Amino acid sequence: MAKKRLHHSCPGILMTTLLCFFGLLLFFNSAYAADPVKIGIIGPMQIRPGIAMKQGAMMAADEINAKGGILGRKIELHYADTEFSPEKGITALNKLAVKDKVEVLIGGMTSGIVLAQMPYLSRYQLPFLGVAVASSTLTKLVKEDYDKNKYFFRVGILKDQLLAFDMVNFIANYVGKKYGIKKVAILLEKAKWTEGLDQAFTGLFGKFGMEVVMAEFFEIKTNDYSPIFSKVKKSGAQMTVEVHSHVSEVFIKQYYDQKVPLPVGGIALAAQSSDFWERSGGKCVGEFTSNFIYRIPITPKTIPFWDGYVKRYKDDPLVTATGTYDAIYVYKDAVERAGSFKADILIPALEKTNYVAALGTIAFEADHDLKYGPDYVAINWAQWQAPGKVTILYPEDRATGTVQFPEWIKLPQK
Amino acid sequence: MTKDGLEIRAVTKTFEGLTALSDVTFSLEDGKIMGIIGPNGAGKTTLFNVISGFLRADQGQMVYHGKDISSLKPHQVVDLGMARTFQIVRPFKSMSVFENTIVAALSPRSRRSRPKGVKSDETAMNVLGRVALDHKRDEPVSNLPMGDLRRLEIARALATYPQFILLDEPFSGLSLKEMDALAGLIRNLLDEKCTILIIEHKLKILMSLAPRILVLDYGKVLADGTPAEIADNESVIRAYLGRRGHAGVDTTN
Amino acid sequence: MNIVTRIWGTLISRPPFYVMAIFLLFMLLVPFLTDDLYLIGVLVLANVYAIFASSWDILSGYSGKENFGHTLFIGAGAYGAAYLNLYLGVPPMLNLLLCGLIGAVFGVLIGIPCLPLVGPYLALATMAAASIAERLTMILSKYTGGEEGLYGLDPITDGPVGDYYLSLILVIITTIILMAIGYSKQGLILRSIKEDETASEAAGINTTRYKLVAFAISAFFAGMGGAFYAHYQMYTGPSSLSIIMAVTIIIVCMIGGMGTIVGPVLAAYMLTVSNEFLRSIGDLRLLVYTGLLVVIVLFLPRGVFTVILERLPRFGQKSRGV
Amino acid sequence: MVALEILIYGAVLSGIYALLAVGFALIFGVARVINLTHGAFYMLGAYITYALSVLLNVPLILSIIGGMAIVFLLAICLDRFIIERIRTTMINVLITTLALSLFADQVILQIFGPDNRNIPAVISDRVTLLGVDIAGQRLLSLIISVAVIATLWLIITRTRMGNALLATAQDPEAAQLMGINTGRMFMITMGIAAMMAALAGGIVGSFLTVAPEMGMLPIIKAFSIVILGGLGSIGGSIIAALLIGYLETIVAYLISFNATELVPLVVIFITLIFRPAGIFGKRRGF
């Protein structure tokens, strides 16, 4: 009986609901004053790096707003989730550009998503300060078609080739020299940004007098690494180099379980977060990791930022937090120099940026890439050590300790 | 070997070791009617399924009008002019009486066979008229009583312009009046030179229609003859009486 | 001209067609009623989903062959458009047609082996086929761009309003053709296959052929929609092949009412638009959706709009036949 | 050496797959339901074990048992309040159970966030077996799988309840006529299967990972195993689990590491096209 009655009343209810939907839609008017400057934060908001972006942005915005905003306009943050998919990334960008009417985009993670978003930047004339995208293709596009792609700037991290260079430099000049390691096996996550790295590595290791005995891509969603580790064991490599920007707990857990007797480390975004020790069940012991900042005085702003962040969020800042925080300041700096928020006037000013940020001194190359070097932005190398702390090793003037290997690690000489 | 009629030669069909049909052989001339009887599980419906292409015989041969039909698909069998009805009626439940019939009228066989200029709608109405369902053309099938559903089955078969009809217990569930009407329809079909193979439990009405009856038991042909011969056949009597109560046989009207 | 009058003749007596016509005419006016480009963008997406859903419906809703791999055809169209445009410079408009054909070819290729399968077996086989294609885009990342897909396709029009009108025209064409098929004798035969394939065969219908044609038609429009989607986004990637998307399409059709064409189209708009409104509740959105879906399946198993559509009176006594 | 590694790692993989697939096959065989929430039960088992052991400091073994118990109850409720009502329509069951598993993902995402979690191992030592280094927990998971499946086998073949289950699987209507409460049989099956999935989730947490979407991949595997083995055939599922487990391992070691995920999908497709009843199924389920 009840079921029947439901069926009778449903058409009416549903029609009304439908009409209401469209009615609301059409008369929804967002015509309030455009006083604040709207900044769009775009990234994978459901996962840790995206949350860190949001946190870094809020911190910068609050600081700037407390001091009167940018050219007298308060910052208003808008967020959009790319959900780790280029398609959703486009929808998210559309939402920020058209609905929220933001004046600049900050964020971006996963180069493939930003590549898919690129054509839209010129459509909406929106500057985009990319925080966690490493593919060199992005800035190559700026160089190839400046008028169309000039809106993109890389802020938070270095491009893939430089990441590779810095890593090879650390492995060859620090670990390699110290322990006589000459042969490496490289395991890379399959992604747009690692494609560039793969090519860069073979040449680079050769240049530093090392040999790549094995290079293998694995998929982001890999669940069982045993076959690949067994291959590593047999490859004759003396060290395992890992490169991935997604989940890497499974990788390191199984590396430990399988007692691969080689030192391991490289670029692993997950391993940069402070609770990685706990999340990997302590199995990341001995893993080399890197980060753009640690709690060390890279610039006078680094430690205040770090402490402020930890105080506010009870968590160490991820690279995406630092990048977003700095990017907002870089934007403010450029706007104030340009005296305008307009993209056409702003972009030349952004190009002339020379700003001391938490990350280092931020300046851009002609193709809008982040400048690299001890005077600008460089990577710090460290190691996970028992009982769950990160010891900074390199550059040596920033070191907080020395290398310690677990007992099953076999080294060529010692 | 004749070019006419249907010839079934040594057809055998087994299901997971159970023999449903064993070495069944018979033939039927065009324009004739033959009844099939047998206890439940004797393989009558299986025989229909094999002939109409829904099941493939393991062994044996079936020839209709000189053409081997052993490996044809059901719709190809219909295309040769053989239509069937189902023992458990299978209407298209969400469709109207008319829509049910028109599906058959849309078959290639029906399009080819009807007089030029006649549309499928007309064909469908026509056959509905023949089975006296035309007044219910727009009713949803779900509202129909059993008698109407049986006639709808037959209407659907007729809409394909068959020369040969396999009727699977067409009289079950019908009232006396309906049975008379259906018997009349079957006689009409015979007058139109249609060949009919009919499974029926209601022996009285079957015997009044069919001058020849085939008895199946355990998948084997037990007897093949006139009603009188069948009634006197020792093994037929044993097969029926050997079962508890005249299982599957209904001698009443 | 004969075909046009025939299509019109088929549709003219059908109330759901008027519902659709009124709705789509209203949609034509939307850009005059609002200058919210974001809303227009959302509605472009709704148009795309309307094409995907209605093309699924003509096969699965009508013949009951529930295809869980519709994205294979969409992906074939989308990747086809990307290759044709990026490597051969085929213009977007031509791609819509070519990729429809590519989709149809895939429809036939998948249709032939899958047709004998019924129920969950068909669902699984089609789902596996789409998943295999998705995995292959990852494995062959050199040619397909892997996880990140192919980008840099030519835009199909010069802005959101153009995209909107083009996609709406595609919806109109698609729905007119699909509804005409649905109400035609072929549609009736497909419905008979859904009801009882055995009885359909016994009525002399070559069900395999009808199912295969339905596969091809369904895949044609899916491929066309996929090509539009790729050009609209100037990008295509493996998510256009994902099971989640295939399931989303089925859900749209289930909520709208399977086998009606109108229902899935209306549901596509309703869900896409409400999806945007629910953006404010952010993460909880999926939670609301999945919960709602379970409730609908339990209490309105035939879909939301079916109940309404069936209550509309029919016009024109004469042609009430088929 | 490679052969030994394939042997051992393949066995572990097959064991976990079998644990998931047998439950899945059981539900299908007895209740004629393709239950896509099976992956969610696996995920929930892992999360409940994590919450109990890591957050509430309950001893690990008890946590795993707790996870199994809670999932058992959830499964019974699912059967009673939802599946019971839609059992007859295949597409409704598929879509509803899929929606429910997405629902479960979202609930977990809201509670625990997107980060991956780690469940400590029952056996945290690494062992060297025949020259192959392997986590103790992996071996343990193999042993548990074998033990659980053997127990299940005994229950089904030797007990009255098992006989009732088999009767229901063969012909629910006849079973009902014989006085078997088929509704209860469906519910028990659902509960047992869900418990096995939860157990699998609880023990893989230390060498795989615990994440909201972790149930999706295993469900595809379980599905392909059950199709290969023949829907409803428990023996078939075990053999199919071994086949797929080893096939994946062999492909990973000898052909391409990245082609492993393709294996179950291709197996599903080919099996369905050429032998829809599966290699050990006597007949099609539908």
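When the chains are written out, they are named A, B, C and D in that same order, and each has its own residue count from 1.
Convention: a contact is a pair of C-beta atoms (placed from the backbone, for glycine too) under 8 Å apart; a residue touches a chain by one contact, two chains touch by 3 or more.
Nothing here was measured: the structure is a model prediction, and the numbers come from that model.
Visitor: So if I look at the partners of chain A and the partners of chain C, which chains show up in both lists?
Guide: D
Visitor: Would you kindly say which chain has the C-alpha centre located farthest from the C-alpha centre of chain B?
Guide: Computed centres place A farthest from chain B.
Visitor: By C-alpha centroids, what is the most central chain here?
Guide: The chain sitting closest to the overall C-alpha centre is C.
Visitor: What whole-number Å value describes the gap between the mean CA coordinates of chain A and chain D?
Guide: A distance of 36 Å separates the two centres.
Visitor: Which whole number of Å gives the spacing of the CA centres of chain A and chain B?
Guide: The computed centroid separation for chain A versus chain B comes out at 74 Å.
Visitor: Quick one: chain B and chain C, Cα centre-to-centre, how many Å?
Guide: From the centre of chain B to the centre of chain C is 42 Å.
Visitor: Determine the centre-to-centre distance between chain B and chain D, using the mean Cα coordinates as centres, and give it in whole Å.
Guide: That gives a centre separation of 49 Å.
Visitor: Please output the residue numbers of chain D that touch at least 2 other chains, ranges allowed.
Guide: Each of 109, 258, 261 in chain D touches at least two other chains.
Visitor: Got the chain A residues that touch at least 2 other chains?
Guide: Answer for chain A, listing residues that touch two or more other chains: 46, 190, 219.
Visitor: By the touch rule stated above, which residues of chain C touch at least two different other chains?
Guide: Touching at least two other chains: 138, 283.
Visitor: Which chains are in touch, pair by pair?
Guide: All touching pairs, sorted by chain label, are A-C, A-D, B-C, C-D.
Visitor: List the residues on chain A that touch chain D in their complex, please.
Guide: Those in contact with chain D are residues 46-48, 190, 216-219, 221-224, 226-228, 230-231, 234, 247, 249-250, 253-254, 256-259, 270, 275, 278-281.
Visitor: Okay, in this complex, where on chain B does chain C touch?
Guide: Touch residues, chain B against chain C: 52-54, 73-75, 78-79, 83-84, 86, 90-95, 98-100, 102-104, 106-110, 120-121, 138, 156-157, 159-160.
Visitor: List the residues on chain C that touch chain A in their complex, please.
Guide: Within the complex, chain C touches chain A at residues 30, 33-34, 36-39, 41, 45, 138, 141, 145-149, 151-152, 155, 159-160, 233-235, 237, 239-240, 266, 270, 273-274, 277, 279, 282-283, 299-300, 304-305, 307-308, 311.
Visitor: Of all residues in chain C, which touch chain D in the complex?
Guide: The touching residues are 66, 68, 113-114, 116-121, 123-125, 128-129, 131-132, 135-136, 138-139, 247, 250-251, 254, 283-284, 286-287, 290-291, 293-294, 297-298, 301.
Visitor: Okay, in this complex, where on chain C does chain B touch?
Guide: Residues 185, 188-189, 191-192, 195-196, 198-208, 320-322.
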